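Sharing a structure here in C-alpha cells format.
A, B and C are the chain letters, set down in written order, and residue numbers restart from 1 in every chain.
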Amino acid sequence: MPAVQETIDQVRSIDVDQYKYGFETEVEMEKAPKGLSEDVIRFISAKKGEPEWMLQWRLDAYKRWLTMREPNWARVSYDKIDYNDIYYYAAPKNNPAPKSLDEVDPEILKTYEKLGIPLREQEILAGVEPQNRVAVDAVFDSVSVATTFKEELAKAGVIFMPISEAIREYPDLVRQYLGSVVPVTDNYFATLNSAVFTDGSFVYIPPGVRCPMELSTYFRINEKNTGQFERTLIIADKGSYVSYLEGCTAPKRDENQLHAAVVELVALDDAEIKYSTVQNWYPGDAQGRGGIYNFVTKRGDCRGRNSVITWTQVETGSAITWKYPSCILRGDNSRGEFYSIAVSNGMQQVDSGTKMIHLGKNTTSRIISKGIAAGKSDNTYRGLVSAHRKATGARNFTNCDSLLIGNQCGAHTVPYIESKNASAVFEHEATTSKISEDQMFYCQQRGLSEEEATALIVNGFVKDVLQQLPMEFAVEAQKLISISLEGSVG
Amino acid sequence: MADVTLMKTPAETALAQAYESAKAILPGNVESRAEAFELFTRSGLPHRRVEEFKYTDLRALMREAAPFAGTPTASEAKAALQSAKALAGVEALQVPFVNGHFVRDAVDFGSLPEGVEIVPLAEALASGHDWLARLSPVAWARQNPVYQLNTAFMADGVMLRVTGQVETPVHLRFVTAGNSAVATATRVLVLVEEGASVTLLESHESPNGANHQPNDVIEMVAGDRSNVRHVRLNAEGDGALALSTLTLKVGAEAEFFSINVVAGAATSRHQVFAILDGENTKARINGMTMVKGGQHADSTLVVEHAAPNCESRELFKTVIDGEATGVFQGKIIVPHHAQKTDGRMMSAAVLLSEGGTMNNKPELEIFADDVQCAHGATCGQLDEDLLFYLMARGIPRKEAESLMVQAFLGEAVEFVEHEGVHDALVSVVEGWLRARA
Amino acid sequence: MLEIKNLVVQIEDKRILNGLNLTVNNGEIAAIMGPNGSGKSTLSYVIAGKEDYEVLDGEILLDGQNVLEMEPDERAAAGIFLAFQYPLEIPGVASMTFLKAALNAQRKARGEEELTTPDFIKRVNAAAQQLEIPKDMLKRALNVGFSGGEKKRMEILQMALLQPTFCILDETDSGLDIDALRIVSEGVNALRSPDRSFLVITHYQRLLNHIVPDTVHVMSSGRIVKSGGKELALELEANGYADYRTSEAA
C-alpha cells in the first residue's frame, strides 16, 4: 500500500496538535437570537424565504419536540445540553446571497482552500480527468456558500443545490419526499432538526440518468456557540445512479457544539445511491474539553424493486458520535450495505452502527464494521438486522471487528438480530482483538518502527471498508485514521 | 422513563399485596427482603422498554400474579414426587422441592454421600446460619427484577455444601403440583469448596394446563480448582410462566459447565449471571431450547471475566416450530485488568416453520486490549441441500428434518459427560421431535 | 427401465435442458458425456428430484411410472440412487446412524421389515470391507472431514447397501487418484446386474476404461446430440467436444 509511507510521514510531521482543521475564520456573521423559540424558527424560515407550508412544518416539529425526551440508551455520557444556549442560525453577513464565487467573502474561500476543498471549477478542471471531477456544495455554518458544476449537472437533468434553494425552486419535489424517510416525529434530534434545519444539499437524479460526476457536500462549523442542523435529501429516480460524498470539520474550541443532521435517501426501482462520509469534526482535546456532539439521523429507503443503497463511513472526529445510517429494504430484491470505520482516541465516545430492515422479498444486506479504540475512548457498534413476516428469502451477513490499542479504552458490540421469517438467513460474526505481538514483531524485525507497524496493521484491518470509498477519499481517509491514532502506541 | 410514574398493573398490585401479607411470616432477615421488594417496586415488572427485557415483556406476559403456594402436606408432597418424571432414570441423590418447599422427609440426612452437607433454607434463614453470608455472590444480580422478586418472596430451599469429590449426582427436583395456579420462590445456595467436584442436576416440572409461576434462583459459589457440572431441565407444563436465575462466582483454575435445556413452559426466561473470579478458569455455558406452538423462551446470559487468563465458551442452540419465539441475549464483559481473556459465544437458531420468531442479541463489552473475544449468531432454516441429500437416500422429509435437528442440538449436549444424563437429554429431544411429527 | 421424454428444465429463468430424450434399459450402463455447462449435473438432479429446478415439459418414467410428481425420498424408495458429485457433509450425524435411517426408511416405504441391528451391521461391514472403508470412518459424522476419495467411496457404499435399481454416478471420477478410481470402479462393477441400470455422467473417458458402458450419449446445450457404443467415448477423447460446442451458439 503506497499510501502507508505517506501516512507515516504525515503522522511524523504533526506534533502534539493532531487536529489540523482547527483554525478559525474571521468573517462578520449574522445570527438569530440565541436560544430556541417559535420566533427563532420564524426568523430562520424568513431568512430562507420559505413558503408557508415549510414554516408550518417546522413549527409542528417544534411543538412535537417540546414534548419529547432526549434519548439515553446509547453508550455515551455528556453534560446536559442547554438548548437555549445555542445559536440556531449563523451566516456570513453577505445578503443578498452571493450570485457567483466572486461575491463570496474571500476569507471563506481561503477557508475552503486551507481545507483542501476546491470551489473554483477551473481549478478543479486543471489536471483532473473529467470522470474524476467532483461537484461541491459548501455549507458554512447555517448556509450554503457555493455550489459548483450546477450548470453542467443541470444539462444531465441532475438537480444539485442547497436545500433552501430547492424548497423555493422545486417545492413539489421537496414536499413529496421531505420527511418521508425520517418522519418529523422520528427521534428527539431528528425532530429538532426538522424544526430548525438551516441548510444542506438537495439532489434529484432523473430516471435512467447516471450522474456524470461525484457529488459532495462539505460541512464546516465555524461560529462559536452555534449548532449545525443540516438536512440532506437525495432522490434517485428509476434506474438512476449517484455517488455522494460528505466531509465535515470544525475549529478547535473548549465548548461543545451540537451537530444534529438529518439525511434522507430515496431509491426508486433499479436505482442506486452510494453515500460516503468522512467525518472529522473536532474531537475535543486530550482532557475531553470541547468537540462536536455529532447526533445525526441518516436513513435510506430502498423503495423500489432492485434498488441499492450503500453507506460508507469513516468516523474519526467528534467528541460524541451517535449515528446509525440505515436502510429500509422495502422493494423486492433491494440491497442495503453498510461499511464503517470508526476510530476513537482521547476521550471520544462513539456509538454507531446501522439498521437493516428487511421488508421486501429476497432483500439482501451486508454490514462490515471496523471499530478501533485507543486512548481513553469508548467505541460501540450498535446494529439492528430484522426480517419481517413477508421478507421471504432475506439475507444478511454481518461482520464487526474491534481492535483495542491500550487498555484504557473500551470496545463494545451490541447487535440486535430479529427474524420473523423462516426463510431469512442471517449470519453475524464479531471479534475483538488487539494487534498481535507476533504481527508487530514480524514488522519490526523487517525494520518498521512500532508506529509504522501499527499504521500498517491498522490499514490492513480497515482495508475492506476503505475499498468501498472513491479513490481520493480512500487515501484521505487512510491518512486521517493514522493521524487520529497518533500518540496511541507505546 | 424514570420520572414517569406508571399505573400499577393488576399483577404488580397483587404482588404488593402478597408481599404485605407475607413479610411477617417469611423466614429470616426482613431487611434484605424489604430492600429487594423496594427495588422491585420502583421499576415494577420489566417491560419491552427496559433493555434487558426488550424481547420478554414481563408486564405483558404476566397479566396476573398467582398467589404464593403454601407448604404441601406430607401426602401431597409424596403424591407430587411420585408423578414426577424428569430425569427420573438417573441414579442420584434426590433433593426434592414441592411447590417451593423442601421435602425434608424425602432426604435421608443420615446417609448423605461423603462430602455433601445439606441445610434446609427456611431453618437457616430463621436461625441466621453462617453460610448465609455467602448468598448473593453476584452483586449486580440484585439489580435484576426477577431476582429481586425471588429475594423478596423466597420461602424455602436448601443450602448445599460440597467438600470432596462427589461421584453421585445431586438432583434438585422442583415440582409444582395442583391445577390451580400458584407462584413459588425457591432459593438454593450451592457451595463447592476448594478442589471439590460435583454433578448437579436440576429438573423443573408441573402439570399441563396449570398456569404456575415458579421463580427459582440457584446461587453457586465454586472455589479454586473446583469442578462443577450442572444440567438443568425445564420440563414445565404447557401453561407455566417459569422464571429462573443461576448466579455463579467461580475461583481460580476451576472448571465449570452448565447447560439449560428448555422443553417446557408457555413462557420461560432463564438468566445466568456468572463471574469468573480467579485466573485460569474455564467455563462453558450452553443452552438448548426447543419451542413450538405459542411458546416463548428467553435465555439471558452475562459472563464477566473478572480475572485474567480465563476461558469461556457459550453455545446456545434454539429450534423454533409453530409460532413460537426464541430469545437469546448474551453478554461477555471483560474489564481492564482481565488480560488474556479468551471468550467465545455462539447462538444458532433454526426456524422450522413460517410464523416463528428468533431474536438474537449477542454482546461484547471489552475494556482490556490483550484479549481474544468473538461472538456469532445465525438464524435460518435447515439447509435445503442437506435435506435433499438425505431425502435422495430415501429418508422422508420429516424424518430427515428430525435427523438434522438432532445433529444441530447435539452439539450443545455432547458436553454432558454423565452418560445417563446425556442419554436422558437425547430422549428429551427425541420426544419433542416425535411430538411434532 | 428409465425413459426420459422431451424434458425441458429451467432454473431461475435460465433454460438448462431443452427437450432431452433418453432411454436406459434394464441392465444397461449408459454413459453421458459432454462439455461443461451442457446440463449433465442438472439432469442428475432433476431425476433425483431436487427442488430448485422447474420442469416445464416432458416426463421421466421409471418402469413406466412418472417420477416427476414424487418427492426425492419416494424416488429413492422406488430405486433411484444418485451418487453426488459433491457429497454433502452432515455434522453431528454419524455415518452409521445415517445409513441405518436411510436403509430402514426405504424398506419401510416398500413395506419391508426393518433390519435388526446385527443384521444391519453385518451388511455394512461386508460392503465397507470391499470398498476398503475403515470402521472408524463409519463412526464419524457423515462425510465430515473425509477426503475427496473417502466421500466417493462412501457414496458407493451407500449404493451397495441400498441396492437401487437405477444408479446415477455424477462425475464420480472427479477428484479421485488412480487407486481410489480403481476401488470405486470395482465397487460399481460388482453391483452390475441384469435388473440394475446405470447412468454414468462424466467429462472424461478415463472412468469408462474402468466402468465399461453399453451405450454412450453426447450431451450439449441440454440435449442428447449423438448416441453410440463405447467407441464413441474414445472418439470424443481424441477429438474433444469442439464439434458439439457449435450447437450451443445456435
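Here is the rule we use: a contact is a pair of C-beta atoms (placed from the backbone, for glycine too) under 8 Å apart; a residue touches a chain by one contact, two chains touch by 3 or more.
Keep in mind the model is a prediction, meaning the values are calculated, not measured.
Looking at the partners of subunit A and subunit B together, they share no chain.
Across the assembly, the mean Cα position most removed from that of subunit A is the one of C.
Averaged C-alpha coordinates give centres for subunit A and subunit B that are 44 Å from one another.
Centre-to-centre separation between subunit B and subunit C, using Cα means, comes to 49 Å.
Here the CA centre of subunit A is 56 Å from the CA centre of subunit C.
Chain contacts: subunit B has no residue touching two or more partner chains.
For subunit B in complex with subunit A, the touching residues are 51, 336, 339, 349, 351-381. Every residue of subunit C that touches subunit B in the complex is listed here, in rising order: 48-51, 71-73, 75-77, 81-82, 84, 87-88, 90-93, 97-98, 101-103, 105-106, 109, 141, 158, 162.
Residues of subunit A touching subunit B in their complex: 73, 389, 402, 404-434. Only residues 384-386, 388-397, 399-400, 403-404, 406-408, 410-411 of subunit B touch subunit C when the two sit together in their complex.
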